[in-house]
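What follows is a set of notes on a single structure, which appears directly below.
Going in written order, the chains are labelled A, B and C, and every chain counts its residues from 1.
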Amino acid sequence: MAEVVHMIDSEVFLAFSTYATIVVLKMMLMSLMTSYFRLTKQVFSNLEDTSLVKTTEDRKKLVRVDSDVERVRRCHLNDLENIVPFVVIGLLYALTGPDLSTALLHFRVFVGSRFIHTVAYVMALPQPTRGLAFGVGLFTTFSMAYRVLTTALFL
Amino acid sequence: MAEVVHMIDSEVFLAFSTYATIVVLKMMLMSLMTSYFRLTKQVFSNLEDTSLVKTTEDRKKLVRVDSDVERVRRCHLNDLENIVPFVVIGLLYALTGPDLSTALLHFRVFVGSRFIHTVAYVMALPQPTRGLAFGVGLFTTFSMAYRVLTTALFL
Amino acid sequence: MAEVVHMIDSEVFLAFSTYATIVVLKMMLMSLMTSYFRLTKQVFSNLEDTSLVKTTEDRKKLVRVDSDVERVRRCHLNDLENIVPFVVIGLLYALTGPDLSTALLHFRVFVGSRFIHTVAYVMALPQPTRGLAFGVGLFTTFSMAYRVLTTALFL
């Protein structure tokens, strides 16, 4: 990591910026998907939110739990648990000056695995589709962390 | 993003550092608010935590769910889902060298929207206050992502 | 933060990279621990996941909530709520050019506190072990945020 200043200007860093932005945007879409399901299925967490779809007095019944909404929310939380480590470790990895082709491979495999994970989760595809997508993403991040720790270790 | 090295020393980057720190500190205060409600209302998730307020044998009853605590926790999770994307995309955005005034507008609107969101959530203000605050924050982050992708795209 | 470009090449930045990677890897292990408990205790959130351990028709019973799994999940969420702020504020802190020894003290105390927090949470150690570990980590992050805001304030 001795020449990190030059690295931040590199194609690897541009590639990281691109893929990190794409996968974070994908994560943000889960918020919109949750809102969409809540409004169309009339399922809310807060009493004050029910006024968005109803004004009569039986609004309390709309504060409930729905399995489809919970599924999207679990998918969103899984994104947070996996995309945040990718962004942090991927940023440090990009600064270690890896080969462009190796870096692109890591970024593309990770982002691809998370798109597959989302489709598999939301559509409830048979396992082990979602499990494999999760595992591939995890392995990609571990691989980048290995390079960061072997290149930049300073305890 | 060709002159990113110069950008990291810029006023835009200082502004990003300031607003990112402020909004992350706001998010951390949700932890303290949860702890405060748990201790004062005697509502816990773990049996071992009940020893903090009680030593008698009816401690098991304190392991329960409370609507005020859950409200703060939902607000905290919503912060994670929205502030993390802002920090990631905002950092990359700051490195693309935007105008200082445009950047400040994005940072201020986002941070302001999250403070309004928190007040609206915790105090259960009537909708669409919270929904609008959420939407404005989301839009601000999308706007920064648009600049990152149009400036730094490298697939 | 005027000489931040030089800082990114420094030992402080290498130390940040190392400790941030270690503590993020620790957080990712919570995913694997959850999967391990789910598979060995046969407790799932999604019906399609039950096919991983059973093929007969009573699979629906495996979609349930288990207190050990929920404990690991609460620990994971607490990691997200605390490690994400550390990474964001720690990165900006590293760029303000602190003394190496002061920076190392912050990074080591934080990472140590999160390992103790995880052991205390998963093994349900008596309070206030976990509470103290949580508080020490929070205080360390606040201390770094104080330096960022006093060094780089630009509103």
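Operating definition for what follows: contacts are C-beta pairs under 8 Å (C-beta built on N, C-alpha and C of every residue); 3 or more make two chains touch, one makes a residue touch a chain.
According to UniProt, the chain labels map to these proteins: A, B, C = Microsomal glutathione S-transferase 1.
Not measured: the values here are computed from a predicted model.
Chemist: Are the chains arranged, by touching, as a line, ring, star, complete graph, or other?
Modeler: complete
Chemist: Pick same or different for copies chain A and chain B, depending on whether their interface residues overlap by over half.
Modeler: Since fewer than half of the residue numbers are used by both chains, the interface counts as different.
Chemist: Since chain A and chain C are copies of the same chain sequence, what is the angle of the rotation superposing the Cα atoms of one on the other, rounded to the nearest 5°?
Modeler: The superposition gives an angle of 120 degrees.
Chemist: Can you check how far apart chain A and chain B are, centre to centre, with Cα atoms defining each centre and the answer in Å?
Modeler: 17
Chemist: Mind pulling the chain A residues that touch 2 or more other chains?
Modeler: Correct list: 5, 8, 77, 80, 84.
Chemist: Help me check something: in the complex, which residues belonging to chain A touch chain B?
Modeler: 5, 8-9, 11, 13-15, 17-18, 20-22, 24-25, 27-28, 30-32, 45-49, 51-52, 76-77, 80, 84, 87
Chemist: For chain B, which residues are in contact with chain A within the complex?
Modeler: 1-5, 8, 71, 74, 77, 80-82, 84-85, 88-89, 92, 95, 121, 124-128, 130-131, 134, 138, 141-142, 145, 148-149, 152-155
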